[in-house]
Amino acid sequence: MNEREPVTKPSVSQIGASAPSGATEATSASSKNPALLLENVSCWYGGFRAVREVSLAIPRNKVTALIGPSGCGKSTLLRSINRMNDLVPGFRMEGEIAFEGTSVHARATDVIDLRRRVGMVFQKPNPFPKSIFENVAFGLRLLGETTGIDALVEESLRAAALWDEVKDKLDQPGLSLSGGQQQRLCIARAIAIRPEVILMDEPCSALDPKSTLQIEELMRKLIRDYTIVIVTHNMQQAARASDYTVFLTMGDDRAGYVVEQGETGKIFTAPQQQLTADYVSGRFG
Amino acid sequence: MAGVSTVHRPDSAATTRRGEGLIEFLLRASAAVGIVTTVGIITVLVVEALFFFVEVPPVDFFTGTRWSASILPYAFGVIPLVTSTLLIAFIALVLAVPLGVLAAVWMSEFASQRVRLIIKPILEILAGIPTIVYGFFAITVITPLLKATILPDLGTFSALSAGIVVGILVLPLVASLTEDALRAVPRGLREGSYALGATRWETVRRVLLPAALSGIAAAVILAMSRAVGETMAVVLAAGTNPQLTLNPTESVQTMTAFIVQISLGDTPTESIQFKALFAVGATLFAITFTLNLISAWLVARYRNVYE
Amino acid sequence: MSSQTTTRRKVANALFGLLAFLAIFASLVTLVALLIDVVARGGSSVDLQFFTSAPSRIPAKAGILPALVGTLWVTTLVAIMTFPIGVAAAIYLEEYAGRGRWSRLLRINISNLAGVPSIVYGIFGLALFVRLLGLGRTVFAAALTLSLLILPVVIISSMEAIRAVPPSQREAAYALGATRWQMVRRALLPAAAPGILTGIVLAVGRAVGETAPLILIGAVTFVTFVPVNPFEDKYTVLPIQIFNWAGRPQAAFQEISAAAILVLLVLMFLLNLVAVILRARLSRTIQW
């Protein structure tokens, strides 16, 4: 069997090294101090290895896109960050994921607290069968919050660019909204508890193009306050909406690995690897 | 995080988590009620039956062919009660199995979606009617009808009436379980048969019924278990005459009917008759429990094949 | 293939379809016959006096007041007792127990209990509640026995309702930092509520019609007063009253027996109606 293409594993400092044009000092500062750091992460479902030795740094207040063909382990990787994979029987992870310098899998790490600080938006909008208001307030109520809920709900809905559409019908069921609105409701729900990172698992795959653009615009606004990691199979989306792009594909054993990562503009215009070039130009995937 | 109001993270999170262990304990305890019940039932039946077997040797009980608990000389051979029970269950199955299987085939293969939406609730209503009502139906309609038509000499109580009414009573069970089994047969098998030009009947007979056989068998066994344990309809329709007979026009006493008979009277709790109640109950439990296990095993088998 | 064979095959197919339809039709006819029988026999006996009187040796003066009150007592207590335990057990089996050997044993046990004849529960209740725990032949002992009887049904239907909640709902709650119990209480149970409540109401309906176990728990057939204290008083319930009257040879008693059946069936119909309405109301907002 052929030796695989050498996998680029840039060191952490490499990622932010070429700051995008017009980047402020804060950007380069944040990339030296990434929000999330993945080192040699491998994931297994039972005996099947889904992800092989991935190392990444996720810069603060940026959108980082994970792209690659379906089945390459992007979602698995994403769900390992807030340990949603704990819920999958037979799942196992090796390597290290550090969130703000603390291992997410360490014994002392509280998974509940981790998930409160690392929010998630799913592939298919999954509002609760409750009112729009209660959907957004859900996480606050979990925290035992009793005061100021109204204001926080409004703020979150505004931040998710949904307020104007729903302000007169907050007591309507969340499930009565359109697909795009439901997904923005889920984003509002996630940011209501003020996480530090928002993980998005193909958030637009169930949406029409117009809603997709709305979500992408929203992501650009949200990075002022949040770090965003998005999994997408849509290359245009990664090109439009992300600052950094990580390209994964799977090897002969179907385990996903990182081929190349870097600033989005570079990945799409001047990829270093042939595989990346083939993928972003639509020749496979 | 400039510009975003912060949510304070109170330590309420820690308190809610402290409660988690207690909650899990309570949930687990609730789930254990089932185990406690099973153990309790078996213990009660075994212990109380032992008191009976101190006075009546088990050999006499299990092999005796005469049962007389109220008329001297007393005899406690359980065989007449068991055969009467099985006779009624047999009559019930002869009626319920063909009709139930046919009904299931019709619902799953012939009926349109709309018709099914009407038929299913009707079968559910039939299944939900209390068995005492079926007993009443047996003495006011079935027995008189049999007398007026084919059996003018039929008495007030008979195994036949009881068997028929129990058959009606378990029919919905056979039908719905058989339908489940038919539905579990993969579409591919049906389509394969139709693609070869088979008619529906041919598909049912040559493909579906063989494929669903263990599921149908499970339904039949479970129906038999229900019939064996059925009480009120049988008490009202078959009477309380313990005799060893396979003649369906006779009045007989089933195991359940004996238990009812003893409970209704003022039988002292220390009497041998009262102790016999537990021995018969234990026998009944052993029979139905075995049947249920066989049925569950058959269901697991067809699930393994297709899922 | 000759056209003759084809014709024969088509005829066989049509005959079979007809036969299968007749099988369904037979059950329909039975249901209708049963209802006509009960209404024709008992309809005229159902009047106000029937609801407000106690049983009597004179059929025309007899009523079902004590039995009706007894049934309401038993039903209420059964609902109160089975609801928390049944739902808790279902939550445990679906969300906590995992798929190990212990949980498999619990599951098999529950489905086995659902197949135990009701009269065996009566024997158990007699030995445990009436005699060992000394509760006597009371409404309370009866309610405990019937609770054990319908608990497996409640657990199984609640488990199905919980299983029907899409996994994405669980994930949504967990991703917001919910603990397991918070997820269950705030996401899972509200979503599963219509199914759970429907199942409980239907199971309670089963308890309303149960007769055999209560014969052992000593529901007395001749109670002329209304039971007030569920821990002390003698009691009877509708099915027992029906049984008592149905077994008598006089036609007049069979008539009031039919009348009592009519009341029982209406009661169960109302419970089913409640289940349907509950389901419709609660699930209006839930459409996955």
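Residue numbering begins at 1 within each chain, and the chains themselves are lettered A, B and C in the order written.
Quick note on the criterion: contacts are C-beta pairs under 8 Å (C-beta built on N, C-alpha and C of every residue); 3 or more make two chains touch, one makes a residue touch a chain.
Computed from a predicted model, the values in this text were never measured in an experiment.
J.: Per-chain Cα mean versus the mean over all protein Cα atoms: which chain has them closest together?
T.: C
J.: Using only Cα atoms to place each chain's centre, name the chain farthest from chain B.
T.: A
J.: Please work out the Cα centroid separation of chain B and chain C, and write it as a whole number of Å.
T.: 15
J.: Please work out the Cα centroid separation of chain A and chain B, and write it as a whole number of Å.
T.: Computed value for the inter-centroid distance: 54 Å.
J.: How many Å are there between the centre of chain A and the centre of chain C, using C-alpha atoms for each centre?
T.: The computed centroid separation for chain A versus chain C comes out at 49 Å.
J.: At which residue positions does chain C touch at least two other chains?
T.: Correct list: 177, 179, 182.
J.: Among the residues of chain A, which ones contact at least 2 other chains?
T.: Correct list: 112-113, 116, 143, 193.
J.: Touching two or more other chains, which residues of chain B qualify?
T.: 13, 16-17 - these are the residues of chain B that touch more than one other chain.
J.: If you look only at chain A, which of its residues touch chain C in the complex?
T.: Residue list for chain A touching chain C: 82, 84, 87, 89, 112-116, 119-120, 122, 124, 126-130, 138-139, 141-143, 173, 175, 186, 189-190, 193.
J.: In the complex of these two chains, what residues of chain C are touching chain B?
T.: Per the stated touch rule, the residues are 9-10, 12-13, 15-17, 19-24, 26-28, 30-31, 33-34, 37-38, 41, 84-86, 88-89, 91-93, 96-97, 105-106, 108-113, 115-124, 126-128, 131, 148, 151-152, 155, 177, 179-182, 202, 205-206, 208-212, 215-216, 218, 239, 242-243, 246-247, 254, 257-258, 261, 264-265, 268, 272.
J.: Using the touch definition from the top, list the residues of chain C that touch chain A in their complex.
T.: Residues of chain C touching chain A: 98-99, 166, 168-179, 182, 186-187, 190-191, 285-287.
J.: Which residues, counting only chain B, touch chain C once they are in their complex?
T.: 13, 16-17, 19-20, 23-24, 26-28, 30-35, 37-38, 40-41, 44-45, 48, 98-100, 102-103, 105-107, 110-111, 119, 122-123, 125-126, 128-137, 139-141, 168, 171-172, 175, 199-202, 204, 222, 225-226, 228-232, 235-236, 256, 259-260, 263-264, 269, 277-278, 281, 284-285, 288-289, 291-293, 295-296
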